[in-house]
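Chains here go by letter, A, B, C and D, matching the order in which they are written, and residues are numbered from 1 within each.
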């Protein structure tokens, strides 16, 4: 993009500037249109699940509903509580939206990359944690008891889900050997575009853990605790109205969108699919974009499905769940990832290993024997760990429960 | 402790199965059911009859409407006979007595000649904003004059309009027969019989007549205007209701009556302060809601001049008025 | 030691999940609740003063406004109280019709009450909307027979306003075909869902003795293990002719009350089936003709009649001085008395649980504030 | 654990706790109740009419001896003509089921006499009903944890449900509020 502009006679620094400006606007437009589509998509999907019809009045099939909502929130009065800490109250949505939009910088839309960082995964994790600062600022700034509780819950939730989420990415990085999202996408391209990590046992467990933890990052049910509107009205957003509330809402849904994009990229081979390489060039890029969006919206559909079914966890239950259930599984997953890499990929990543053990017999590109061993081994480790931890949590829950069998018998006197 | 009067097998303890091994199967079952519902609602046929528990069940209100059952009751309405144009209501005050929030205010009509009460209502105000449509008035009415309507789209911005007066309460029997056929057919012959002997007891076909209730006929239109004209005068009169001008009353009688009325109104123009609440409510409503014929009526007790009143009559009226004003030295 | 301070929060009177204008003054240490003081009176309309001013019949539509979810049950209770006071006997068919209406009202009440509680718990109203769909079907039938969906004003002294005809019976049978599918969907959706168990088990525990001391009645009492149901303890109308069970909990927590209500819906379904079969034909008359409704005069004396409303024991205590209107008119509202146990149940739990416990008691403010 | 018929409790109390019964109305024996007619309220005394101070004792007696553990309803009734307020307690036997057992307490209407000991220490369910009786009828319940008005705002003067409370024109309904 930048060099194309320099040929047009712009100075080199100017063309880089213009190119980045065009990319930034593309991302912002793509993100907010995606957000608008998500709100409509969620309300339609959840209404069909509840045997009713979602928005279908504004525009064809209600597609203009998000725009009417945007206009509505813009025209609503933007009130700030008298006792509120004005600056913090005003900056909270800005921080939250900023953090969310940052993570779009490295997300690959199909084959097209806005920016190809070689530490893209690190960048994504860093921005993921930022928006909780905005939450705390909103909670503290609006001088409202419910908002304070919401802000505190938001921070508690960040601490508990961040570690499992980050550790769930490590197996992906191990398997590809690089932190750049581009290389991660390419690594999932064999088997005719279907070699996604999610089909390997390590990837499957990693996908499940990462998706659960990212439910907490996007504050989706069952983890929408900071903004639990049946208990603490609207959580940290209680004292916000008008445009500021719209910005919160925008950042909320954009972080959901970002999370779906990242999960699709890391585990579902964002943009890879049958026929993408065959087409190649622009048409292949377009097809990869379609695949990518399909995968993301399928993930979002699962989020909506969970939202329609499952009640909300309490804050202490969330922390217990994250620390005592997700974390051990994530560690086990890293262990089994190391076995996977040891069996299948040591020659590509660590050349000095080949000196010690000699190159693995490269009879054919993919050595089916070693692949089978790797799959069975990692499957055993992961499944065993899951079963063990399930048993432990069950016994732990029943021990604290009011009535075990003996007490039940007693109770029936 | 099991109740001794309860046989032991009558009581069963709900099983909590706390000891079950839970590994997410409950949640996945729930997700499966919601997904099935989603599929049925998206692709299946809409939920039509009562046995169906799947598919979209809501009705797009303004376009699609549910059929209201016959017994549906919203706000009360009064009936008048299509043929003769007479109202069924004989102001027997039963409904006023039974009404729990006391929203019905009836004033009995009087025979203009003799001044004796007549089995007809001069004015019937019903406060639609306080009425809770309990249906008692329709139940106790011995003459089936008041029935419950099916029209629920009554929202309005103008609050006084909710003190609905006689003209706006009246509906033809055919209207009620359309919305509640079987309920009307049960009481039809009894109601009609009572109406006939009520009409006999109403001298000179006295009864509030409204242009819109008798089919066509310009004569009526003319009669209507004095009626409208007379109504405010009647209502404004504090002492008692004055009988409205009859439907088929001869021309000159109408004119004579107007002149008498104008004279009375002028005479007691001053002493009008303590008007009865009903009277107070009525004129405001009258002028606002009056039939279009008399919309040009000036406010205050002076008889309104209808726009399709014949020229000479209007001139004569003006002359009388001018004389009166001169006499009072305004 | 870090000095901590207790926070006083007003949950209500305007709050998303207080089921009406009800206020709880909650003192909270961090997230756990230290003290809860309920505040009433926001919806007080002095219903009992109205009862003394109105005649007996004029008061019937006001009883619709008590527990506006079950106006049929309120009418039935008030009609029974005046009938015992004035010594009016009710024909068989009318009693069967009243039982059918009560049981339909119980199903729609439990369906929506549990939906609201799950909404408070965070499940985004899926269960509530499935419950609302069943409720709409039942309300349409109430509308067909009484004239209004929620404010039915259907009972009269000695019977009911209008008889049920074949259309009603066929529609009722069709509804009965659909209900079991709804029950299974509702149970499958959340009954064993791990997160509901985490949020409902061992929360808001009310032991058996305390439940009796708090004189709670209805599903709250049965959830705590006391098998006391007025339809069995003091059978009224024709309830002694039906075979049905009384579900009882063991621990007395939110989960038990949830299970008891679901089981009660199935029992109501059984009662409805038997009631449709045994329904006497129309020759028996649906109202006692000898009673002059609007000018009914009860002999001097007092009477108390109670009905098992979906929320508990709904009773009307009437004292008559021989005139046309009651000398003293008292409503024993189940939600009002069940609320006295709320403060005790909520101590030690977090705010998120307070809202769920309130939902599990299932109150309606029209009945609490009268 | 036996079910008691309506009049049975009176006879049992006469034998077991004679001083608990309030004998002011014994003259009207049960068979010929006070002449009733238009505007007359008769004072049924089939049930046990108990002295105010003996109420808690009788309540415990009923609960322990006969198993009437469920105190379901507390009603205050203002008999203006007879110049007294009657508080009716209805107990139910949670094990046996069956009809209720009524205990009545009749007290004067003036602030000094209008006092009934509170049952809330043993039946916390009576807490809100006693507060309602206090708010509407002015019956004071010593021993109640926080006897405050339940429906009216605290500064409200007067007891709205009493028969002599002016239905119109009292100082609250006047717009001018002189």
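Just so it is clear, contacts are C-beta pairs under 8 Å (C-beta built on N, C-alpha and C of every residue); 3 or more make two chains touch, one makes a residue touch a chain.
Bear in mind the structure is a predicted one, so any value in this text is a computation, not a measurement.
**Q** Count how many hops through touching chains it takes, at the least, to reach chain B starting from chain A.
**A** Shortest path length, in steps: 1.
**Q** Point out which chain occupies the most central position, where each centre is the mean of Cα atoms.
**A** C
**Q** From the mean C-alpha coordinate of chain A to that of chain C, what's the distance rounded to whole Å?
**A** Their C-alpha centroids are separated by 45 Å.
**Q** With chain centres taken as the means of their Cα atoms, state the distance from chain B to chain D in Å.
**A** About 47 Å, centre to centre.
**Q** Where the centres are mean C-alpha positions, what is the separation of chain A from chain D, in Å?
**A** Distance between chain centres: 64 Å.
**Q** How big is the gap, in whole Å, between where the Cα atoms of chain C centre and where those of chain D centre?
**A** So the centre of chain C lies 26 Å away from the centre of chain D.
**Q** What positions in chain C touch 2 or more of the other chains?
**A** Residue numbers touching two or more other chains: 126, 130, 133, 189-190, 193, 195-196, 201, 226, 228, 232-233, 250-251.
**Q** At which residue positions does chain A touch at least two other chains?
**A** Chain A, residues with two or more chain partners: 49-52, 308-310, 397, 401, 403, 408, 412.
**Q** In chain B, which residues are in touch with two or more of the other chains?
**A** Only 1, 3, 5-6, 13, 16, 18, 22, 27, 30, 33-34, 37, 47, 54, 57 qualify.
**Q** Per the contact definition, I'd like the list of chain C residues that touch chain A in the complex.
**A** By the definition above, chain C touches chain A via 7, 9, 15-17, 31, 118-126, 129-130, 133, 189-190, 193, 195-196, 198-199, 201-202, 205, 225, 250-251, 253, 350-353, 355.
**Q** What residues of chain C sit close enough to touch chain D in their complex?
**A** The contact residues of chain C facing chain D are 40-41, 44, 46, 48-49, 53, 212-217, 226, 228, 232-234, 299-302, 304, 306, 313, 315, 317, 319, 321-323, 327-328, 330, 332, 336-337, 339-341, 344, 369.
**Q** Can you name the residues of chain A that touch chain B in the complex?
**A** Contacts found on chain A: 45, 48-53, 305-306, 308-310, 390-391, 394, 397-398, 401, 403-405, 408, 412.
**Q** Using the touch definition from the top, list the residues of chain D that touch chain C in their complex.
**A** Those residues of chain D that touch chain C are 36-42, 44, 69-73, 75, 77-78, 88, 90, 92, 94, 97-100, 122-129, 136, 149-153, 160-161, 167.
**Q** If we count contacts the way the header does, which residues on chain A are in touch with chain C in the complex?
**A** 46, 49-52, 145-146, 149, 221-222, 224, 228-233, 307-317, 397, 400-403, 408, 411-412
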